[in-house]
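Structures for review follow.
One chain, chain A, appears in both complexes that follow, with chain B as partner in the first and chain C in the second.
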Partner chain A sequence: MNRDKILNTIGFSLLGLCFLFALWNVAFRTVRELEPGVVTIRFAHWQLEGGLRSTFDILSREYEKICAARGLKVRVEQQAIPERVFPNWLVTQLVGGKAPQIIAIDNITSGSGMSPKGMTTDRIARYFEAISARVHEPNPYNIGTPLEGVPWCDTFVDGMSRSYDSNLLDYYSVPLSMYTFRLFYNKPLYREIFGDAPPPTEYREFLKACATITAYGRARGLNLVPIAGSKYNAPMLTDYFAGTQTQKLGRRLNRFNTLVSNDSEVMLAYLRGEWNVRSPEITASLRLLQSINRNFQPGFQQVDRDSATFYFVQERCVFVSAGSWDNTSLRIQAPFDLGVCHIPVPAVSDPDYGRFMYGPPTEAANGTALAFGLVRGAARSDLALDFLHYLSSYHGNALFSKHSGWLPSVIKVPVDETLEVFEPVIDGYPNAFGLGMGTETSRLRDNDYYLLQAFPDSPQKFQDVFERNGYGKACIGDLTSWQTRVLRIVTRQDTLLAAYYERSRDRKFYELIEQQIQQEQSAYMVDSELSTLTKENQWQR
Partner chain B sequence: MAAVSMSGRRALYNWRIYLYVLPSLGLILTFCYFPAISAVVRSFFEWQGGDYMQFIGWENYTNAFNDPVLRSSFVTISVLIVAGIIKMVPSILLAVLIHRIASDRWQYWYRVLLIIPMVVPDLVNIFIWKFFFDPNLGLINASFDLFGIKSALVWLDQHVLHWSAFRPDSPISWLNEPRLIIPSLIFWGFPWIGAMSVYIFLAGLQSIGAEVYEAAELDGASSWQKFTKIEFPLIMTQVRLNVILVVIGTLQGYGLQYLLLGPAGGPAGRGMVPGLWMFNRAFIAGQFGYACAIGMMLFLIIAVLTYFNNKYIRVEK
Partner chain C sequence: MSMQFLRWLIVAWVAAGGCREAFAGGEAATEVWSLDTMYRFSEAYQRALAAPLEDRAAQYAKAVTILNLPTKTQSNINDAANILTALVTADADDEVGVCAQYFLGRIAQAHNLDGANFPKARELFRKLYRAHPGHSLAQLGYVQWVLMELYDKQSADPLAARLRRLEAEQPALADREVWKNYHLVMGQAYMTGDVSKPRALEHYLLADQVGMIRWRGRSDFYAVIASLARETGRREVAVEYCRKFLRDYPRDQRSHIIRQFLNELQPNGTPP
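And then the complex of A and B:
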C-alpha cells in the first residue's frame, strides 16, 4: 500500500470513528429518554458560575429520590446555556416547540422592553404558563417545616412580587435566590499591607486604603492596583456610589410621591430644566465616580468580567466588586482566603458628598432572583411544577443555599455564616438615578464615559461633551419609546379585557381596567408634557 | 458541459423538467427571498418586533438620512473598506511566493499550513485578538514595550499627533481611546493574510502558463518585473473578486466591532459601523422597522457598488 493510501485510510477511519461515536451518543440518549415509565424533566438557565450547576445536580438527584419513594421514575436534566447565546437559544427552543419544561426568566428592565436574556412580555404571555392559581396555596413540600400551611407566595422574602407581571396580571416564575453587590478582597494581601485593621466601612477610609495599596505596590516595584475593574464589574461599584448623590434630588423630582425614583419623571424634569448635568448633585456623583475610577487598573473599561477575575485571582489587585452570585466562583478560583465587605459609601457627615444624601443606601428593593418559569404545554408540566415546589421549599432552598453559596429566597431558611454578609441591608434610603435611564441616554453615557478617565481631575469636559452630544434629545427619544411601548401594552390588553368581560366580570377584570387606566394616564401625561416642552422649545420629537 | 439552448416552444413542451427545480426553488424562496421581501415591507412600518405594526411610509428612511450616528458610521466603514483593500497586499505577495516555490512538496505544505488556522472559528479569533488588545496583559502592549515601539509612539504623540493617547506612565488602552479605535480595527488580524484570499490568488496564478515565464526569462525580466508585468495583471480577475468580497463583507459585518467594543460602538461611538447600528437599533432600542430600513439601504449600496465594480473595473486579458 503506498503512503497516500495509508493516509487516506487513516483519515477515513478517524472520520468513521467520530461518526460512530456521535451516532452511539445520540442513540444512547434517545434510548434513555424512551425508557418506559421514566419521566424526564428538563430545566435550563444561563448561570455558569462555579458551584451552581453541581448544586442543581444535587437537588435533582434528591428530587428523583423523593419521586422514587412515591413510586415515580423521574429523571431531572439540567441544561446550562452560555449567557451570550441564551436569547437566541431561548427563541429557537420556544418557537420550535422543543423547549425544556422549565426555563430561567430574568427581569425585563432594559429600555427596549426586552430583558438582557431575550425575555419580553409577549414571549411570557405566549410561551409560559401562569401559576397564579397555585401561589396562594401552601407548598406541599413545606409540611413539617416552620412554613407549613403558609401560602406559597408568602414563603418568599419579597412575597413573589418580582414573579408578578403587572402587564399580564399573573404570576409567572418561582425565584430561588437574592442578589446583592459586595466588595471582595484578598485577605492575606490586605493583612500584609494593613496588619489587623478591618476592611474600610466608609468612603474616605476606602480612598485612604486605595492610596496605601498604590504606595505599597510602588515601594516594592509590584504591579499592584487597588481594584480590579471591567465593564461588567466596575459599574457595580461606581453606580452604587454615584446613586447616593441623587438620593435627595430624586426625592425632590418625585412629583407623585412614590418615594422611589421614576425614570420618566426624572427625564421630564431634565427637559423642564429642573436639573442638568451641571447640577451640584450630578457634579458630585461624577466627581465621586472619578475618584473611584482612579483606583482601577488602566483601561479597565475595555476588558470583560473574566479579565477582572483573572486580575484579582492573580493577586494584582486587592479588591474586586462583584455580585453575591460570584461568591462561590471567586472562592473556587482564588488561591487565597477571600474577604467580603459592604460597599463603603460616603457618610452623611462627608464634607463633599454627605449633603446630597439622606443616608446609606437600602437594599430592601433588591427582591428575589434566579427565577424559573413553566413552559406552556410542555409534557408533564404537573411534575415540573412539583419540582419547582421542591426547589423553593424550606428544605430544598436550604439545600440550594448550602451547596451553592447563594442566598436563599425563602423566609426562615437558615443562612450560612459565610453568607450573612450578602444579606440585603433593609435599613437605609433608596439610591436614586444615574445618567443612563433608557436606551439612548445609556448609549450616550457609555460613549462619553471615557472622558471621565481622560480628564480625571474634573468632570467638566464630560459635562460639556455630554450635553453637546444631545442628552436632551436622548431623553426625548427614551420617553417617546417608553410611551409608545406602554400604549402598545394597553392595546394588547384590550383582547384580554374583552375575554374577561365575556367570561365573568370578576376581580381580574376590574384589576385590568385599573391597570390600563394607570398606564394610559402615565403615557398620556408624558405625551402631553413632551408635546408642550417640544413646542415651547422648538425641539424635534 | 456547455448549456444547450432551447426554443421557447420546446421549453414549454418539456414542462416536466421544471418540476425538478421546484424543491430547490421553494427552499430558496422561503429562506432567502421571503425574509428579504419581509424586511422591505417592514421597513415601511413602525415595528418593535412584536405582532403590532403601524404603517409610517418613508419615515424610517427619512429618519435614516437625518441620523448623525448612521452618517458617521458610513465614514468609519469607508475607512475600513479602504484599509481592507490595502490589507489584501500581504495575501497577494504570499500567494506569489508560494506559487514561485519550485518544489511541489513544499508548495503543498505551505498550503496545508494556510488551511490549519481556518479551523479556528472567527469568533475565537476575535476573542484572542481582544485579549491581545488588553492594556495590561495583552501581547500587543507587551511587544511594543519590548521593542521600544511604545516610546516611539509616545514621542510621536507628544511632538506630532498631540492625541494624548500614548502616555509614558500608563499602558496603551487600544479600545478605550476614541482616537485609537479605528487604528485598532485596522490593525486587527495583522499580518493580514487571509487563507481564502491566498487560495483565490493562487488559483489565478496557476492558470498562468509556464511558457509565459520562459518567455519572460528569455527577455531577462527580473522577479519584480515578472510580478508587475505578468502575475499581477493576470490575477486581476481574482483581485476584483476579492475587492467585491472585502467591500460586501466590511459593509455587512459588525461582529468584530460588537465583540471588541460592545453595541454602542465603544468610546465616543468611534467604532460604530452601519451593521452594528442596525443591530443596536433592532436589539437594543427595539426599533426593528428602522433597522430593516438601514438594512435596505445597505443592500442598495452593496448592489450599486457591485454593479459599478463589474461594469467599469474591467480586466484587460
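And then the complex of A and C:
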C-alpha cells in the first residue's frame, strides 16, 4: 500500500468516525428526550469564556434537584454556540421551529438595526415571548431572602431597563450579570519590578510605571512591553482615557440640558463651528491617546483579542485591559497570580488634562448583560420561565457569581472579595464623545488613525489630514443616516399605533405616541438645522 | 306552515347570516391588529385580504398594515392611501373615517417614498382637528401639525415667531396624554434655538402634570427640568426635580451631578 492510500484510508476513517460520533450524539439526545416523564429545558448562548459553561452546569443540576424535590423530572441542557456562527444558528433554529426554550439576547445597538448576534426587533417580536406581565410580580425563588416580595424587575441593579424593548414596548429578557472594564496585571512580575508598590491609581503614576517597565525590559534584554493590546481591547482602553477630556465640552454642547452628551447634538455643534478637531479638548484627548498607544506592543492594531491574551499570559507584558467577563478566562490561562485595578485616568489636578474634566468617569450606565429570552410557543415554556426565575433569584444569582467569577445582576447579592474591584463606580461623571460618532466619522477616524502612531509626539499631522479629508462631510453623512433611520422606525410605529389604539387605547398606545413624537421631533430638528447650515453655504449635503 | 311564518324564517335567516358576516369581519380586524403587534405584517395582510370588502374595520386594518408590508414600495403606499380615501369618502365621520383621515395625513407626512408632502399633511390634520376636536387621533394630528409648523424649512418666520403664533392658538386638547405631548414638543422647540429657557421650563412643567410614561425618557425629562430650573433661578423647582431624579434613578450616570446640584441648591441640606 503506498503512502497516499494510507493517508486516504486514515482520512476516510476519521471522517467515518466523526459521522458515527455525530449520529450517536443526535440519536442519544433524541432517545433521552423521549424518556417518559422527563421534561427537557434547553438554553443556548455564545459565551465560551472560561468558567461560565461549568457554572451553568452547576446551576442546571441545582435546578434539577429543586424540581425533583417537587416531584418533577427535569433535565436542563445548555448549548454553547460559538460567537461567529451564532447569528446563522439563531435564524436556522427560529425559522425551523427547533429553537431551544431559552436563548441569549444581546442589545440592538448597531445602525443596521441588528445586534452583533443577529437579533432584530422583528425577530424578537415574532419569536420571543414578552414577559412584561411577570416582571412586576415577585420572583417566587426569593421567598425567605432579603428580596422576598420585591417585584422581579426591581431585584435587578438596573431595574431591568435593558430588558425593555423600546420599540415593542415590552420586557423580553432576564439578565444574569453586568460588565465593567479594568486593567489586569501580572502580580509577580509587577512585584519584581516595583517591589511592594501598589498598582497605579492615576494617569501620571501609570505612565511612570509604563516607562519603568520599558526601561526594566531594556536593561535586562527582555522582550517586555507595558500593555498587551489588540484591535479589540486597545480602543476600549484609549477611548476610556480620551472620553475624560470631552466631559466639560460635552456638557457645554448639551443644548437640551439632559446633562449627558448626545452624538447628534455634538455633530451639529461641529457643523456650527462650536468646536473643531483642533479644540484644546480634542487635542488633549488625542495626546492622551498617543501617550497610551506608545505602551502597547508593536502592531497591536492588527492582532485580535486572543493574541493580546496570549501575549499577556506569556509574560511578555505587565498589563492587559479587559472586561469583567474575561476575569475567569484570564485566571485559568495565566500561570501567575493576577492583579486587577481600575483604569488610572488623569486626576482633576493634572496640569495637562485635568482642566477639561469634571472628575473620574462614572460606570453607572453600564447596566446589566448576559440576558436570556423565552422562545415563543416553546414546549413547557412555564418551566423555562421558572428556570429563569431560579437563575435570577437571590440564591441562583449568588451561585452564578460565585462559580463564574462574573458580577451578579441582582441587588443585595453578596459579591466575592475578588470581584469587588469589578463593581461599577456609580459616583463620577459621564465621559463624553470621541471623534467617531457614526459609520462615516468612525471610518474617517480609523483611516487616519495610523498618523497618531506614525507621528507619536504630536497629533497635529492627524488633525491636518483629518479635517482635510472631510470630517464635516462625514458628520453630515452620519446625521443624515441617523435621521433616515429614525424616520424609518417612526413610520413603522404607525401600524402598531393603530393596532394599540384599536385594541385598548392603554398605556402602550400612549407610550408609543410619546416615543414617536419625540423621535420625530429630533429627526425634524436635525433636518431643519442641516438645511439651514447648507443654505448658509457652510456645508454641502 | 303559513306564508307569514315562512317569510319571517327567511328574514331571520338573512339577518343571522349578516350578523355572522359582520361578526366575522370584526373578528378579522381584531386578528389583523393582533398579528400587527407581533410584527407579523404579511400574515396580518393575508388575514385582512380574506375579510369582506364591506367590513370597514377590516379594510382600515388592511390599509394600515400595507404600510408596513415588506418590502416597502410606493405602489403599496398608494394602495393603502386609496383604501383609506375610499373609507373616508364613504363616511368621514364614523370611527373608521376619522382614523383613516389621520393615517392619510401620516402617509403625506412620513410614508411616501417619493418625498414627504408637508403642505398636504398639514391641511389634512388641520381639517381633521377642526371637524373632530374631541377625537384622540384628531388631537394627535394637531400635534403632528404643530411639529411640521415648527420645523418647516420653507417658512421665512424665525422659530421664535412660529412658537408665539402656535402658543396663541391655545388648543383645547382634551386627551391629557396628547396634551402632554403638545407641551413636550413646545418645550423642546423652545430649547432648539435657545429661544427661551424659562418658556421651555413652563411647557415641561405643564407636561409633568400628566407625567412621562417611558422610564428612560422620564430620567432625561427630570434631568432637563432640574438643570433648566437651576439655570433660570427657579430654586424650589430645581430642588424638587433633583430629588425626584435621585429617588427614581439612583444608579443613573447623572446621579452624581444631580446630587452636586442639590448640595449647591440647599447647602445645609435643608429644603428651600
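As a convention for this text, the second predicted complex is superposed on the first by the 514 of 541 C-alpha atoms of A that agree within 3 Å, B and C clash if a C-alpha of one lies under 4 Å from a C-alpha of the other, contacts with A are read in each partner's own complex, and residues count from 1 in each chain.
Please note the rule applied: a residue touches a chain if its C-beta (ideal position, glycine included) is under 8 Å from a C-beta of that chain, and two chains touch if they have at least 3 such contacts.
Just so it is clear, the structure is predicted and the values come from calculations on it, not from any experiment.
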Which superposed partner A:R255 touches (first chain B, second chain C, both, neither): second
Which superposed partner A:T283 touches (first chain B, second chain C, both, neither): neither
Most chain A residues touched (candidates chain B, chain C): C
Touching partner for A:M525 - first (chain B), second (chain C), both, neither: second
Chain B versus chain C as contact partner of A:D158, first or second or both or neither: second
First (chain B), second (chain C), both or neither touched by A:D122: both
Contacts of A:R492 with chain B and chain C, given as first, second, both or neither: both
Contacts of A:T201 with chain B and chain C, given as first, second, both or neither: neither
Common ground on chain A, meaning residues reached by chain C in one complex and by chain B in the other: 122, 491-492
Chain B partner contacts - residues on chain A that touch it in the complex: 110-114, 120, 122, 223, 231, 297-299, 301-304, 307, 310-311, 316, 439-440, 443, 446-450, 453-454, 481, 484-485, 488, 491-492
Residues on chain C engaged by chain A in the complex (per definition of touch): 29-30, 33-34, 36-41, 57, 61, 64-65, 67-68, 99, 103, 106, 110-111, 136-137, 140, 143-144, 147-148, 150-151, 153, 177-178, 180-181, 184-185, 188-189, 191-192, 194, 212-217, 220, 223-224, 227-228, 231, 250-258
For the chain A and chain C complex, residues of the former touching the latter: 121-122, 125-126, 157-159, 161, 164, 166, 168, 255-260, 358, 362, 364-365, 426-430, 487, 490-492, 494-496, 498-503, 505, 507, 510-511, 513-515, 517-518, 520-521, 524-525, 527-528, 531
Chain A-touching residues of chain B, taken from the complex the two chains share: 46, 48-52, 130, 133-137, 164, 170-178, 262, 264-269, 280, 283-287
